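Next, two complexes with chain A in common: one pairs it with chain B, the other with chain C.
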Partner chain A sequence: MRYAADPQAMRLAVALDELVALYHRPSGVTHLLAPPAPELLDALAEGPADSAELLVRLSRLYDLPDAAAGAIAARMEELVLAGLAWRA
Partner chain B sequence: MAEDCDKPEKSAEISNDRLASAGRRGVLMLGAVAATSVVTIRPALASTAASVLNCKIPIPDPSHSGKYIAQDGKLVAPGTAGAVQPAPRPLTGDEAKKMINGMSPPGFDPNARQAYVNYIRRLQHGTSGFTCYASLQMPGR
Partner chain C sequence: MRHAFQVQVGPVGFRIGSAWRGPVVALEQLYGGYPGPDVPDMTVRLFPERPWRHVVRPSVAISGDFWLPDAAPLPLAQGLLAAEMGMNLQVALGWRRHLLLHCSAVERDGRVLLMSGASGSGKSTLATLLALRGWRFLGDEFAFVALDDGRIHPFPRASSLKNEAVAAVRGAGGVVGPVLEGTPKGTIGYWRPPGDAVARMAEAAPPALLLFPRYGRPEAVERLAASETFMLLTQASTNYVALGEAGFGALTRLVQSVPALQVDYPDGAAGLALVDRLWGAL
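Our next item is the complex of A and B:
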């Protein structure tokens, strides 16, 4: 399963300590995101990717103590459900 | 802002720069499979689910009447190779939702589905059909 998201310019993000309030311009809907959701959306800025590729992209920037493709897929399905990403 | 929307490559650079400028390598927990990381804030819409599904999305917007739709959803000159003809009539919200979910509602060329879906995804504030699409995005619709 590959995922894609709108370019970053389509989102307006405000950091709220541990959370990110994210306004999605195309849909006009606001979401509250906890890690690693904002990081996953940023990682998709490079282009569509599957869970394994997203894991690689995140591991370039972060230490991932509980790295698992299954967890990435679960987070991505949440983002799809919210309308912030889609299955490419 | 509008001109940036067609340059995802540039956005990627900005994104990477921002992350790199943090200057330290953070720890990122991915969480349990059953955890939740996204909460959508739902404005109380006056419209009912029924009216949302009956709203209209013209493809293309009337101000661009006659233009063809490229596979990536951009509007191009009529007759452009690889692009599809305008939708024969505006899509209802229900039809748009079906197309987004991979179905091909009657009355529309199944081969044009992907171009239409990409066009709908690109709808912006001020474009005819945007409010309809935005309403469809509300969880639970």
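Our next item is the complex of A and C:
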């Protein structure tokens, strides 16, 4: 499954503590996101990707275990449900 | 409308029209000394639900620029409460120039203490008791947060004290009146802000501390995370969603810049002592 998201300019993100407040400009909806959801949205800025590719992109910035691919897929489905990403 | 009253409270100019003289007389007394607006921003209408209810068991329905379809009318003896509810309703549903938070607010040394909570939390009582001790009263119902710089603009309506709060404020030397018995919220007494609060109602000040008081509990203080405060205040705002990105900017700035505490207290004296201690520790 490949995923895509709006460009970063379509989001306003403010790190409050471990959670990030995110204002989604196209919908006008506010979200409170826990990691790695904000990082996944940022990783999609390079273009649509599946879970494995997203893991590669995140691994360039963060130290991630190999088992994270399944968790990434689960988080991406949550972002799709929230209207912040979609299946490409 | 046959009878009318206009008043400026902070940034909001109200025009209240009434089918009866009584509510307007009560408003004139409660808001004596307040300026009138150049041009009213918001209109409240108090009218009989049916034509015959003007005289037969008169009951006051509330309307205006904004209204709720299922709002129950009140007896004429509670016309002042109807007017106050109508004014609240217009602001809650219609105001767009500030982020509105359901908070009381008082100011000392140029900084504002905000208190947010549901009805019965004690936020009105605490704000009134603090005002009786020299704090500047900014309001007991709404905090008007400026969208550009986050300062709190006063909205010093009369404080609306419910049930035992009337005795608490009187016990502290405050003058409460009129007092309306048997309202849907129980006994409601109005406390008029001091002249200084009215004279300085155009003076905004930055927030310094945000409390979520809870009356009638054993004393406890808990620091709230910024994200939890953000969530609580989105629920305590009547216009956050309507303001869109401007509201998001104002609210994130507030929760990042102001410490927030949940404060449980058993009674007014303990609440005041807690506020003194927390304010002194800033």
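The working rule: the second predicted complex is superposed on the first by the 85 of 88 C-alpha atoms of A that agree within 3 Å, B and C clash if a C-alpha of one lies under 4 Å from a C-alpha of the other, contacts with A are read in each partner's own complex, and residues count from 1 in each chain.
Methods note: contacts are C-beta pairs under 8 Å (C-beta built on N, C-alpha and C of every residue); 3 or more make two chains touch, one makes a residue touch a chain.
Every value quoted in this text rests on a predicted model; they were computed, and no experiment measured them.
Visitor: Quick check on the chain A-based superposition: chain B and chain C, clash or fit?
Guide: Result for chain B and chain C: fit.
Visitor: Considering only the touch criterion stated at the top, classify A:32 as touching first (chain B), second (chain C), both, or neither.
Guide: In the superposition, A:32 touches chain B and chain C alike.
Visitor: Mind working out whether A:18 is in touch with chain B, chain C, both or neither, as first, second, both or neither?
Guide: So A:18 only meets chain C here.
Visitor: Look at A:7 in the shared chain and tell me whether it touches chain B only, chain C only, both, or neither; answer first, second, both or neither.
Guide: In the superposed model, A:7 contacts chain B only, not chain C.
Visitor: First (chain B), second (chain C), both or neither: which does A:68 touch?
Guide: first
Visitor: If you tally the residues of chain A touched by each partner, is the higher count for chain B or for chain C?
Guide: Touching more residues of chain A than the other partner does is B.
Visitor: Please provide the least distance in Å between a C-alpha atom of chain B and a C-alpha atom of chain C in the combined superposition.
Guide: Shortest inter-chain C-alpha distance (chain B to chain C): 6 Å.
Visitor: Both chain B and chain C contact which residues of chain A?
Guide: In chain A, positions 25, 28, 30, 32 sit in both the chain B and chain C interfaces.
Visitor: Quick check: in the complex, which residue numbers of chain B touch chain A?
Guide: 1, 4-5, 7-8, 11-12, 14-16, 18-19, 25-42, 121-125, 130, 133-134, 137-139
Visitor: Can you tell me which positions in chain C touch chain A when the two form their complex?
Guide: 225-227, 230-231, 234, 240-241, 244-245, 248-249, 252, 255-256
Visitor: Which residues of chain A touch chain C in the complex?
Guide: Counting only chain A, the residues touching chain C are 12, 14, 16-19, 21, 23, 25, 28, 30, 32.
Visitor: Going by the contact rule set out above, which residues of chain A touch chain B in the complex?
Guide: Its residues touching chain B are 6-10, 24-37, 39, 42, 45-47, 58, 61-68, 70-72, 74-75, 78-79, 81-84, 86.
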